[in-house]
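Step one of this worksheet: look at the structure below.
As written, the chain order gives the labels A, B, C, D, E and F, with residue 1 at the start of each chain.
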Amino acid sequence: MGKVVTLGEIMLRLSTQTGDRLAQSHSLNVHYGGGEANVGISLANYGHDVMFASKVPDSSLGEAARKHLSRYQVDTRFLLTGGSRLGLYYLETGVGERGASVVYDRAGSSFAQMEEIEWDVAELFREVDLFHVSGITPALSEKWQTMTLELIKQAKKAGCLVSFDSNYRSKLWDQHEAGAVLQKLLPYVDYCSAGKLDGIHLLGITPFQKEQENDSAFYYEEMQRMFPNVRGFYATKREVYSASVNHLVGTLWLDGQYYESAVHEIDPIVDRVGGGDAFAGGILHGLLEQLPPQKIVNFATAASALKHTVYGDCNQFNTKEVEAFLTADSGKIIR
Amino acid sequence: MGKVVTLGEIMLRLSTQTGDRLAQSHSLNVHYGGGEANVGISLANYGHDVMFASKVPDSSLGEAARKHLSRYQVDTRFLLTGGSRLGLYYLETGVGERGASVVYDRAGSSFAQMEEIEWDVAELFREVDLFHVSGITPALSEKWQTMTLELIKQAKKAGCLVSFDSNYRSKLWDQHEAGAVLQKLLPYVDYCSAGKLDGIHLLGITPFQKEQENDSAFYYEEMQRMFPNVRGFYATKREVYSASVNHLVGTLWLDGQYYESAVHEIDPIVDRVGGGDAFAGGILHGLLEQLPPQKIVNFATAASALKHTVYGDCNQFNTKEVEAFLTADSGKIIR
Amino acid sequence: MGKVVTLGEIMLRLSTQTGDRLAQSHSLNVHYGGGEANVGISLANYGHDVMFASKVPDSSLGEAARKHLSRYQVDTRFLLTGGSRLGLYYLETGVGERGASVVYDRAGSSFAQMEEIEWDVAELFREVDLFHVSGITPALSEKWQTMTLELIKQAKKAGCLVSFDSNYRSKLWDQHEAGAVLQKLLPYVDYCSAGKLDGIHLLGITPFQKEQENDSAFYYEEMQRMFPNVRGFYATKREVYSASVNHLVGTLWLDGQYYESAVHEIDPIVDRVGGGDAFAGGILHGLLEQLPPQKIVNFATAASALKHTVYGDCNQFNTKEVEAFLTADSGKIIR
Amino acid sequence: MGKVVTLGEIMLRLSTQTGDRLAQSHSLNVHYGGGEANVGISLANYGHDVMFASKVPDSSLGEAARKHLSRYQVDTRFLLTGGSRLGLYYLETGVGERGASVVYDRAGSSFAQMEEIEWDVAELFREVDLFHVSGITPALSEKWQTMTLELIKQAKKAGCLVSFDSNYRSKLWDQHEAGAVLQKLLPYVDYCSAGKLDGIHLLGITPFQKEQENDSAFYYEEMQRMFPNVRGFYATKREVYSASVNHLVGTLWLDGQYYESAVHEIDPIVDRVGGGDAFAGGILHGLLEQLPPQKIVNFATAASALKHTVYGDCNQFNTKEVEAFLTADSGKIIR
Amino acid sequence: MGKVVTLGEIMLRLSTQTGDRLAQSHSLNVHYGGGEANVGISLANYGHDVMFASKVPDSSLGEAARKHLSRYQVDTRFLLTGGSRLGLYYLETGVGERGASVVYDRAGSSFAQMEEIEWDVAELFREVDLFHVSGITPALSEKWQTMTLELIKQAKKAGCLVSFDSNYRSKLWDQHEAGAVLQKLLPYVDYCSAGKLDGIHLLGITPFQKEQENDSAFYYEEMQRMFPNVRGFYATKREVYSASVNHLVGTLWLDGQYYESAVHEIDPIVDRVGGGDAFAGGILHGLLEQLPPQKIVNFATAASALKHTVYGDCNQFNTKEVEAFLTADSGKIIR
Amino acid sequence: MGKVVTLGEIMLRLSTQTGDRLAQSHSLNVHYGGGEANVGISLANYGHDVMFASKVPDSSLGEAARKHLSRYQVDTRFLLTGGSRLGLYYLETGVGERGASVVYDRAGSSFAQMEEIEWDVAELFREVDLFHVSGITPALSEKWQTMTLELIKQAKKAGCLVSFDSNYRSKLWDQHEAGAVLQKLLPYVDYCSAGKLDGIHLLGITPFQKEQENDSAFYYEEMQRMFPNVRGFYATKREVYSASVNHLVGTLWLDGQYYESAVHEIDPIVDRVGGGDAFAGGILHGLLEQLPPQKIVNFATAASALKHTVYGDCNQFNTKEVEAFLTADSGKIIR
C-alpha cells in the first residue's frame, strides 16, 4: 500500500431530491466533496495511507468537512483551519432529458484565498509515494497557479510521483489560460487524467478525422508525443443518453500501450458527481499496486460505475467489493 | 406579453411516494392544481400577466391554494372565497407496468357548487387578450354548462380570444353529454386543445382508415371542417410504454397547416400530472407571442417534457429555461 | 374460498433507501416478512381464510410482527409468543448494475430455537384445505428438519393438501443436506415450487442439453417422474438485466401439462423481495379456486409483477386489482 | 374478556408536523380514527373481542381504514362498503400558546349518508356484552338521530349493556338539538361519558355555586337524579396550560359514589386527539372486568395520559403496559 | 390599508433539525428571510400593499427568494436581479440550555455589493405611506451607510413616514460606528424600534439606576429627549429562560406615553428567528391603521408570540388569526 | 493531551422518532455507541489521542461502527474484525411521563463471544496514560470477567492509570455477581464512576440515614475507606421529573475532597442515552489535564448537559464549546 497526499479544495454540496427544482426545495441534502478529496477517500478505502491537504474555516462547516474525511480514514493533519468561508455549490439533480444544474458559490473560500504555501513542504511530502492535484486548483487564482507549480516541483524533488487531473471547468477560467498553465505543469507530471476534449481545447491537438476508429488512442498518442515524461494518461468515455442513463468506458494509456474496459450501462444513475474521481482513484490504486494495465482499467471503471449507484461525491466501496462487482452477475441479490 | 384570464377549479392533490400504495402510506405529499390553474402558472412563468378566476373555501386550504398561485405571480383578485370545501383527489403514483390510480373527492366543492357568475364580468375581461377554460368546468354541474357558455360569449364580446381545452373526464360525465356541450361551445372558440379520441367520441368523426399515415392531421382537418371559426387545434400524442416511460410528440394545426415536434423520450417520468397543461401553456404562449408555428409546437412539447421531470402539477420553467432545454444535449450537467 | 395454514419464520427487515449504502444510512426502513407469511398475506388479500403459525418473542418487535399480519386479516392465533429474539436481516437495496446485498442476523431467533412442535396439531389443521411450508424452515436446525416432516405428515393425515416451496438458501445449508431433506419431504407434497436450479442441484437432474428449446418443461417432467405424487410444480423464470430491470415469466406444470405466462418487463423494480412469494400466492389461489391452469399462471405472474412495484415484502393487491392489471394497458393513469 | 360492538364514523386525519401551519405544509401525516373506532381499538388492545360497525367507500381509503382496524385485532365484519367518500379532517397541530386548529371535511361521507340500518341487527348484537356509541353519530343527520335511538333500543333488547359518550361538537349541531336528543337516548344508557359542560349546556343543570369544592361530584349527582337508570358517569377534567401542557384528572361516578384519579402532568403533549377515547376505553375495560372503581379510574386516566405521548388517534398500549406505567417512576428509562 | 416599501437584504437560511448539530446534519431545512422582508410579509398578511426592494442574483436562489415573497403577496417589482450571490446563513437550532448558533456567510452578496441606488427613487416612493429600513443595511458597507441616509431623506421628501429598526449586529460592525450612523439617521425617522441596550450602547444613555421600577419607560423617555422628531419607539422585552422557553412582553412609547402588553409564556419555542420582525410588523400595522396604542402593543406581541410557534423567518398569520389568538384560551383545540 | 485506550462493546442502536412506539415505526434512526466508545469519542473531541479496542463482525455493520469512530478521530487499529454479529438494541424514545423503553438484542455478538485476549497487550498499552473499561464488559460472559481483570492488571503493569465505570445493568447479571466482580477489580482502579446505588447494592454499604444532608459525600467516603487505592470517584445525581425533564448535578470525590457542580435543568431532553458517558469523558479529560477539581466537575456536568441536547449516543462538543456553554447565558442565540 502507498502513502499519498492529495491537495485541493473541499466544498459543501447542497443537492435537491431528484424531481425537485432548487427553487421548490424545502430541504437540501448535505454532502462534502471535491475532486482531490474524493480521490483521497477512494485510495483510503483501498487501504492506502492518505493525507488530504487543504484549508477550511474555523467553523462548524470546516469541522464537518474534516469529520467527513476522517470517517473514511483520510488523515487531516494537513487540513489547515482559517480563512473566511467554506466554498459551496448547489446541485439541482437532473433526471431523464433534463440535465443537472449547478450553481457555484465558491469565490472567497478559505482555500481559494490562500496567498502562500502554508504547509511545511518537507513534512508534507516526507516518504510520500504519490502527490495528486487537479486543474481546478490553479484555476482558483493567479497565486494558486504559481503555488500549484511550486508544489508539484517540490513533490518531484522529494521523490514523489506526481498525478494530475486536468478537470477543466469553463466557469472558472477560459481555455487559453487553462491550456497555458497545463503546458507548464505537465512536464513534471507522471500520471495525467485528460481526454479528447482536453487534447483539442487545452493542448491544441488537431481533431482526429477517421470515422469509427479508436480516437482515444489517437489523442493519447499525440499527448504522449508532446509530454514524453508522462508515463500514463487515462480518462472515461461517457455516452450520455440522458441524465439517468450513461454508458461508460474507461481508457488507459500506459507505457505507450492503449487499454480499454468493457462498457458499463449505468441505468439509472443515482448520483453522477464524483464518477470521474472514482475512476481516477481506481487507476491510481492500480498504479500504486503495480497491477496489470488491463486489470487497472477494469477495476477503475467498475469503481466509477459503482460510484454512480450511491449518493454523495465519494466512492464508498473497498477493494474486495469492487472486485466482487467485476465478477458478479449484474444486479443479482447477494443473499 | 399578453393579459390572460384562466378560469376553473383548483384542487388539493394528495399523492403517495413512488412505490407506496395509498392504503400503506403514512404521509402524503401536498400539491395544488387544476388544468386552468396550471396553464395560468405556465403563462405567468413566461412573463404574461395572468389572472386565475375560481372559488375556494374560507379556510386554511383555500388560503394555501391562493398562496400556491401567488408564488408563481398569478394574480388572485378573481379567486373568490366562500362555499364549503376545497375539492381534492388522491393520487397513487404509478411505476413501471402499474399505472397511477386516482381517487376523486371533488363533489360539493366551493367551485362546483357555484350557482351563478359571481364575478363582475366587465371587470374580469377588461383589456384581456385571452380567456382560457376547459371541458372539466361544464362537466361539474348543469349550472356550469350554462355559465361556461355565458362566460365564453361574454369574453368574446369583450374582445378576448377564447381558448378551450376539451379535457374529457369519463368519471364526471358521459360522451354524449360532453359531446353535446362541446358542440355548443366550439363555435365561440379560437384555440382548441383536442385530439383523435375527442374527434371520434365527442364530435362523431369516423375513425381514420389508412394505416401508417398521419392520422393527427386527418382529425384536425375534420374538426376544422366542422368548426371553421377555430384558428388552431393542438394536442400531444403519447406512446405509453409504462407508467415510467412515455414517448411524447406535440402536434399543432394552425391556419390549416399541420406541425409536429420531435419525439421526447421521457424516462423516467417523475410526475405525469399536468403534462398536458404544460403543453397547452406552451402553445398559448407561442400564439400570444406570435412565434412561428413550428417553433410554437417545439417549445410547447419541450415544456411538457420538462414538466414530467418535476413533482407537482405545474410547470416550473421559464422561457429561457425551456429554450435552453430545446438546444441542450440531453442530460448533460450544466456546470 | 379456502382455509389455509402457512408456517415459517417471520423476520424484521431493515432496508436502506435506494442509493444509500448500509454503512452510510442514518435511518432504515422497517418491514416484516418471511416467505410463508408473505404467501399467507397474498391469500388473505384474495379472500381466503388464512392462519400463520410461527413464534415471536414477547417484545415490541414480536408485537409489531403480529400487527403486520393482522393488518392483512391473517389470523395470528397460532403465532406463539416466547423465546429470545426476532430474527432480522439488513437489506442494502440494489440499483442498476449493483445488486442488493443482504446481511442476515437470524440465528437464535424464537422460531429457529423451537425444539418441539408447540401447537396443538389437531387444532392447527382442523378443517384446513391447504398447508404451506418452505425449505427455509428445515434449514434452520436439525430439530426443524424432523419437525417439518412431522408437520407435513400430520397435515396430510388431517386431510390437508400440502404445498412446499423449496426456497434454497446457500447461507443456511449446503446442497447435499438440502437435497436429502427435500427428497424426504416431497413424497408428501401436492404442490411444489421448484425450478431448474433446484432440479439440478437438489434433485440431481442432469442438465438439459438442447439449446433454445423449452427447458422448464424438461425439468418439470423429470421432477414429475421422480415424484409422481406431486400434482403441480411452478416457478418463475427471471432474466436479470440489472437490479433495476428484470423480465419475468411464470411457469406451471399441472397434471402433466406445461403452462407459461406472458413476459412482464419490470422496469424499474421498486422492491424485489417477496416477488417469488407473490407468485406462489397467486398459484395457490388459482389452485384453491380451481381456475383454468393458463389463467392461474397468468394471474400469479401478474401478482408477482405488481409486487415488484411496491415497497415491503408482501403483496398488497386484491383479486380485483390483479385482474384489472392483467387487462389494463400498461402504465395508463386510471382516472 | 367481553364481547363489544362500537359503532360510529371513521375518518381520515391529515395532520401537520408540529411547527408547520396547514398552508405551509408540503406533506401531511396520515392517520385514521373516530371516537368509537378509537374506543374499540383500546378495548381490543386489552384483550376484548371487539367489532366495529360503520360504512366506508369501496376505495383505497376505505380499505386503508379497514386495515387500520384489523391491525389492532378489531373485527371488521360489520364495516360495510359503499357510499361515496370517506370523511376527513385536517389537523393543524397546536404548540405552546397556539391551540390546534381543525378543518372538517366530513359532510357527505358514506357513513353520514346512511339512510337505514343496513346491518342485520340480530347478528350485530348476538352475544354482545356491551354496545358503545357516541353523540357524534346522531349529530350527522336526522336519519341518524332516529337510527341511533333504534340501535340503542335493539341493543338493550338483545341484552347488551349500552355505553354512550356525549361528545358534543358545536360545529355539527347546536346545544338545544343535542340536548333534546341526549335526553331521549339516556333512559336506555348504562354507562355515560359526560362532564360538567354537558350537564350545564345539554341537560340544563344550574351551575354549581360553592367555590373550591368538588364540582364534578355535584354534576354527576344531578345527572344521576335525572337518569337513575345510568349506572356510571365518567369524564376527564383537563387543566389546559397550553397546547403543549395539560394536567389531567379522571373522574368516575359509579353506583352513587365518586372516584377520582391522581393528576397526570402531561408535558409535552405529543398528540392530544383521542385522549378522551383512551379514557373511555379504560373505563369500559374496568367495568367489563369488574375491577374496583378506584382502580378503574386510575387505569383509565393512565391510559389517557399514555395516549397523549404517541402520534395518532388510537391508544397503542396493552393492559400490562398501562399497569406498568401506573407503578413506574415517571420518565425512567426501562433498560 | 397602507402602501408600504420595505428595503433590505434577503438571505437563504439553512437550518438544522432540532437536536442535530450542524456538523452532524445530513439535510438542512431551507427558508428565506431578512428583517425587512419579514416585516413586509407581516404587513402583506394584514392586507397592506407592500413592496420589497432589494437585489438578488440571477440564479435559482434569487428566483426562490422572489417566489417566497410573491407567495405572501409581497410585490417584487423593486427586487432587482444581478450581482454574484445570495447571502446565506447556517442556523444550528438551539434547545433547552443550549442556545442556537449562527454561522454567517453573507459577505459579497448581490445586495451588500450595491454601489449606488439602482431604483428609480421617485417611482419607488410614489404614493407610499411608510418606508421601513433597518440598521443592518448601513452595516453592510460604507456605501450603504450613505445610501441608507439618502434613501431615508428621499422617502421623507416624497411624503413617506419613515420606520427604522436599529437591529444592531455585533458581527457586522462595532458600537461606535453603529451609534454614529444611528444618530445621523434618527432625525429623519418617525417610528423606531430600539430598546434598552440600543439606548445604552449606541446612544450613550446612562443606565437606569432605580431597581424594580419600569426601566423601559426611562430609556424611551431619554431617547425621545434626544430625538423629539420620533413619534414612537417600540421593542420587546424577553426573559430568556432557555432556548426553548422565553417570556415575552411588548413595549411601546407613543406620543410620550408608555404602553406594555401582557406577558406571553412561549414554551416551547419552535423557531425564534423573526420574532422581533413579527413584533415590528404588528406595531407598524397598528400605526398604519391608527389603532389605540394599547391595542397596537397587544396585537404586535401576540403576533410575535405566534411567530415563535412556526418554522421559518416570517409570520404566517393574518389579522383575524392574531385577533382570535388574543382572545382565545391558550392552547385549546379549535374544533 | 493524553494517550488513552478505551475497551468495550460497540452496538447498533435503532431508535424511534419521539412520539412513535416501536411497533408503529416505519423507519428507525441509526446510531452506533457503547459506554467506552462514547467516552473515547468525548476524549478525542477534547484533543486526546484515543484508541478504541473492541471486535465487530466483518460486515457492513462492523464497517459502519468503525467509520463512526473514525469520524471523531478515534483510532480503530485495535478494533478487531470477526465473529458473527454486531449487538444491537432498539430504543423506544420516551417523552413526558412515559419513559424510554429498551429492547436488547446483544447476545452472541462478536465482542461478547470473545474467548481470549486477542490483542497484543504490550502493543495495546504502549505509552498509554489511561485505560478505561466498564462493568458492562465483565457482565457479558465468565470469560470476560477473567479477561477484564487480566487486562486491568496488564494495563497497570504497563504503567497506565485505570479508569472503571461500574455501569450496572440488571438485565445482564444480578447484584451479587456484579458486586463480587467489582470488588475484585477495584483494588487495581485509579478512577471509578460509581454512585449511591452502586455503593448500597454492589458494595454493601449501609444506606445513609441523616435526612437532607449531603449523602453523596457519605457514600464516596465509605467507598474510599473500602478502596483506599482509588484516587477519585464520580457520578451524576439526576432528578427525573419526566422523560423530558431532568435536573442534573455532577459530583466528584478527589483526593478525599467532595466537589459538586451547579444544577443543570435539562428541559427538554433530546436524547438521554450517553449522558453518563459524556460526564465520564469530561471528568477523565479534567484529570488527564490536571485541572482544579471544581473546574473538572463543572466541565463534566456541562458536557453531560450538552449531550442531552443532541441525538445519538456520543457527545459532539469540543473543549472550547463546552467552556463557552459554561459561561454563556442559557439559551441565547449566538449571532
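The criterion applied here is as follows: a residue touches a chain if its C-beta (ideal position, glycine included) is under 8 Å from a C-beta of that chain, and two chains touch if they have at least 3 such contacts.
Here's who's who by UniProt: A, B, C, D, E, F = Carbohydrate kinase PfkB domain-containing protein.
Predicted model, so just to flag it, every value in this text is computed and none were measured.
Participant: Chains touching subunit A and subunit F alike, please list them.
Facilitator: C, E
Participant: If I rank A-B and B-E by number of C-beta contact pairs, which comes first?
Facilitator: A-B
Participant: Need the most distant chain from subunit A, centre defined as the mean of C-alpha atoms.
Facilitator: For subunit A, the chain whose C-alpha mean is farthest off is D.
Participant: Name whichever of B-C, D-F or A-F reuses the C-D interface, so over half of the contact pairs are the same residue numbers.
Facilitator: Match found for C-D within B-C, D-F or A-F: A-F.
Participant: Same or different: do the copies subunit D and subunit F touch each other through matching residue numbers, with over half of them shared?
Facilitator: Different: when the shared numbers are divided by all numbers used, the fraction is under half.
Participant: Can you give the whole-Å distance between the Cα centres of subunit A and subunit C?
Facilitator: 45
Participant: Which parts of subunit F, given as residue numbers and ranges, touch two or more other chains?
Facilitator: Residue numbers touching two or more other chains: 21, 23-24, 26, 67, 101, 268.
Participant: Sort out which chains touch which and give me every pair.
Facilitator: According to the stated criterion, the contacting chain pairs are A-B, A-C, A-E, A-F, B-C, B-D, B-E, C-D, C-F, D-E, D-F, E-F.
Participant: Within the complex, which stretch of subunit D touches subunit C?
Facilitator: Against subunit C, subunit D makes touches at 67-68, 70-73.
Participant: If you look only at subunit C, which of its residues touch subunit B in the complex?
Facilitator: Touching subunit B from subunit C are residues 264-271, 305-306, 308-312, 316, 325, 328-335.
Participant: Quick check on the complex: what are the subunit D residues that touch subunit E?
Facilitator: Residues 18-21, 23-24, 94-102, 104, 169, 171, 240-246, 268, 272-273.
Participant: Which stretch or stretches of subunit C touch subunit F in the complex?
Facilitator: Interface residues on subunit C, with respect to subunit F: 14, 21-30, 59-61, 63-64, 67, 84-86, 88, 90, 92, 101, 103, 105, 107-108.
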